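Heads up, the next two complexes both have subunit A, just with different partners, subunit B and then subunit C.
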Partner chain A sequence: MSMPITNSLARPAVPAIRRVPWTLLIFLLLAPLAWIGSRYSIFLVTEITIDALFAISLNLLLGTTGLVSFGHVAYFGVGAYVCGILMKTYGVSFAIAFPAAGLGAALAALVFGYFCVRLTKIYFAMLTLAFSQIIWAICFKWNAVTGGDQGIADVPFPDMQWMDSIPGISGLSANARFYLLALTLVAVAIAVIGMITRSPFGRMLTAIRDNRERAAFIGLNVRAYELAVFVVAGGFAGLSGALYGIFTRGVFPDYVFWPKSAEVMIMAILGGMGFFWGPAVGALVLVWLNQEITNYTEYWPFVLGTMLLVLLFALPGGVLGGLAGLYGTLRRRMGRRDA
Partner chain B sequence: MTVSLIAAQLFSGLTTAMFLFLIASGLSLVFGIMRVLNFAHGSFYMVGAYIAWQVVTWLHPTGGAFWIAALASGVGVAILGGVVERLLLRHLYGQEELYQLLFTYALVLILGDTAKFIWGTDQLSVQGPPVLSGGLHLLGTILPYYNLFIIVVGPAIAIGVGLMLSRSSAGRLLRAAAYDREMLGALGANVGLLYTGMFVASSFLAGLAGALITPIVSVVPGMDVEVIVQAFIVVVIGGLGSFWGTFWGAMIYGLTLSFGILVFPEFSLFSVYALMAVVLIVRPWGLFGRPIR
Partner chain C sequence: MLEIQGLRKTFAGFVAVNDVSLTIEARQIVAVIGPNGAGKSTFFNLITGHLRPDTGRVVLDGHDVTGLPPHRICRLGMGRSFQLTNIFPRLTVLQNVQAGLLAHRGRGRDFWSRSETMFRDDAEALLQSIGLAAVADVIAGTLAYGNQKQLELGIALASDPRVLLLDEPTAGMSAGETHETISLLQRIAEERGLTLLFTEHDMAVVFRIAQKIAVLYQGRKLAEGPPAEVRVNPEVRRVYLGEHA
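And now, the complex of A and B:
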């Protein structure tokens, strides 16, 4: 192996497209929907926002570190249940239940991840799946705490009276307020994930993805880094789960069942896991298509499966990968080849 | 605990174990030899169950209809598997496992909905073969003849496939493919054909298992995703790719589940997942498997 040693830790030249504060821009673009959007569009965009955080948290593992976790839904579920149980059963306020959901999920990810990072490739995927099914079995059977197969219904909305003091908000419905709250929290979370990805820590993760052996060779404690990112990703998944439980006004064992892990993975791939915003684009396309197509047919899984096949065989880079490819082709066609 | 209770749990555990073995063996063989983790294996099993119901309904449930249906399920699903492997799966062999996982998941979605489209969402039940109606009084409990049949058929198939793998020339080639696919190809074996054959055989087993279970549980949508997780547990406990490991993994699973219900009724489901996790932590290659690469 006599490949030139590339210094992947050096800060690469930042292209113009990366200097745009995308999170802020998207936040500012979406926030007005609370005032002008219909009930339906607010509902849809809230779901997309929450799913986008879930998918981006998964991509910390999948795209950034190259860890194929088939059990990411476990931490989403832990977050949803922790928040739901605290708010419904114990009447704890959202301001405490929300961070507790993130911490609870991160803690679960720490315990499970400790074992998972000892394995690689398909065994890693299997063990993450096994742990997520353990969480599912607990949620499904522990009637006294999780409500068993009935789940926890009627999770209350957070108290959003305080928002009245912000000008312009006092006239908004509860759904619109929750949308603004979720959008803000998700935007902050995504901004933090972005900072993590661009930090030296994030670059180490990419080094591990590109070549695990070489990363270990230059003295990186690969397992420690993998565990750290597993915990971080789990924590953010927990936050998205907490929001989702409130959004759907209930937490059910299906939220932790393994097909949901596959679904979030499809979001990441669909948008393009090679891009930071790829999973969010995937969430957008998936949730929106789901709503549109279920208006016409109940066979949404069939459509999703077919879409997945097309994706795997024709567009492995996802939507953004396809667009980037198209952009590159256009540039070359126009003869503006730059080195 | 009385003798009859223990005997009853033992029989139900053994029956579960042999069903799971029938399902999991194909999953394990495909992983061991082709390194593909096939989520759609559970869907093949479900399609097998629906085909069995369909054939029994057409032939009217008399006499030998059930046996014809079981054979038709095996063959029908084998053909389906062959088509899937030839047309699609083979293009993904060189790819990352993530793409293969998602490909088989896409099949789960498509087959699940197709079955719903054709057969609806009602529970369908199939009458077992009249020859095997009734049961055997044993140790203070009743063991239905049909369950006894399954308990016998499981090991019979295990021994048959085991002998095929260890003695026949095709079995030798398959074991060689598990070790080193490229070397085997370089030595002149038709690895592509071998893979197709393997996938077809595994689909046949899944379809057969689906047909054989119909007299015991009703055929419903969702039986595919439910069973695949159980089959994964069995395969992981025994050792991914280890044929006899799958057999013992199924035994451990079946008996843990049936006796676990006696000890912790709420958490017997939990106990099998915990068992899977412990095995993965201590011996990721399974109790009876060998580490690979």
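And now, the complex of A and C:
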């Protein structure tokens, strides 16, 4: 190893595209909507923002670690119920209920994940689904606490009076304020997930995704890592659930039901689970398509399903995968012209 | 250094490894040979914790490591490569060895630092020493087969092992690549003071670098000794070398 290192200076240590503070940029781009957006567009973008956090949290498992969870909605739901129950039933402030939702969901993920990571592949997926159905059944039946099939209606908005002290906000409606609050919290959460993804821990997760056997033989306790990321992903799903319950002014058993697991998985795959922002793009496309098609036809589930099939087949790497491919092709064409 | 005592493994009644013992001294280069299905890979998997032996013990530097999970055995200083190449195909070549360095140096539980530039110099130095520096930023899964085998060696070396187990390190390589890889192995073993245990079908390779050879046949150890001795062992000639001669 006395040979000279020839090429370490020729390359930048971190490629330029990865040094862009994307989260901040997107936040700054979206925030003005609170002032200039219509009621409808604010409503839509709030939903996309919250779903984006949910989908990105799932992708910690799916795209980063290669763990297929069919039950991610369980932790979204636990977060929604914890926050909803605390705020509605016990009058707890949002400042406490919101982190409690994340912690509650992480705790549930710790308990269930302990068993799930003992299995692999489809067995892992099935067990995550089974646990999420257990949570659903509890929410559906435990009338005294969860409101049973009626759920918890009229979850109050957080107290947003304090926002008046921020210049420019005093004139905003409650919906616009909540949008700003949700956007800020989601941006911070996504920034934290991004840090985790780029950390040494995140690198270990990608190693496990690529090759579990080899990962064990670089000295990793694979199950412990899988459990750790399961808990982290569950916690962030819980935060998104908490926001969603407030956004829709209620928490219902549907928020823990398996179709929502399928929906968030479609978001991740549709946007491109090989990309950090893929699931967010997927959330954007799915929510938007859903709204547009509902406006035009009552057969929207059918139309939506068909469109999704076409998209998934046409873009196997998701929307971002397709764009990256296009970019690569263009660059090669340009290169050839230059040469 | 590595003491293997009476290892035995059966698969549904079929005895794949039958009471095999082997003692390996520090810095020794030992080859395990035998025809297809002799039990070589199974023997390795028993040593590295991928399979649990029915009976027998594996003692590494005085520690009984029998039945420990692979990651624990790896952390005790054993490295390995697999018969079917086993790398991280979607990571870059550099990230492959960097992952090994991060894991070995106990940084895997670091949630907040930026991994991209960590141990980069060490990773590049390691790639340089295995001859892959020029392809550091290539996605590992797209490398040619021979280079993937080299990379796997690099990943194993990243954990700074004292004992290295290599299951057919030159399988599927051209004559030239084989020659290169063996020279590389010899040099690295020398530089790092490694103890080397490997399986190999290429007899030229075996007799070129092994200081001791163990012959497996139908799960049993047929012979063990210095190459010159094994080469003339009549039983070995009959069941194994004879087929190739």
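Rule of thumb we're sticking to: the second predicted complex is superposed on the first by the 320 of 339 C-alpha atoms of A that agree within 3 Å, B and C clash if a C-alpha of one lies under 4 Å from a C-alpha of the other, contacts with A are read in each partner's own complex, and residues count from 1 in each chain.
We take it that contacts are C-beta pairs under 8 Å (C-beta built on N, C-alpha and C of every residue); 3 or more make two chains touch, one makes a residue touch a chain.
Everything quoted here is computed from the prediction, not taken from an experiment.
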item: First, second, both or neither for A:139, with subunit B first and subunit C second; value: neither
item: First (subunit B), second (subunit C), both or neither touched by A:200; value: second
item: Subunit B versus subunit C as contact partner of A:259, first or second or both or neither; value: first
item: Contact residues of subunit A, present in both the subunit B and the subunit C interface; value: none
item: Complex contact set, residues of subunit B against subunit A; value: 35, 37, 39, 88, 91-92, 96-99, 101-103, 105-110, 112-114, 116-117, 225, 229, 232-233, 236, 240, 266-267, 269-270, 273-274, 276-277, 280-281, 284
item: Interfacial residue positions of subunit A with respect to subunit C in the complex; value: 1, 3, 5-8, 11, 13-14, 18, 195-196, 198-204, 206-207, 209-211, 213-222, 225
item: Complex contacts: residues of subunit A adjacent to subunit B; value: 62, 68, 70, 115, 118-119, 121-123, 125-127, 129-131, 133-134, 137-138, 140-143, 257-259, 262, 265-266, 269, 299, 301-302, 304-306, 308-309, 312-313, 316
item: Contacting residues of subunit C [partner subunit A, same complex]; value: 48, 50, 69-71, 74-75, 79-80, 82, 86-91, 95, 98-100, 102-104, 107-118, 120-121, 124-126, 128-129, 133-134, 136-137, 152, 155-156, 158-159, 191
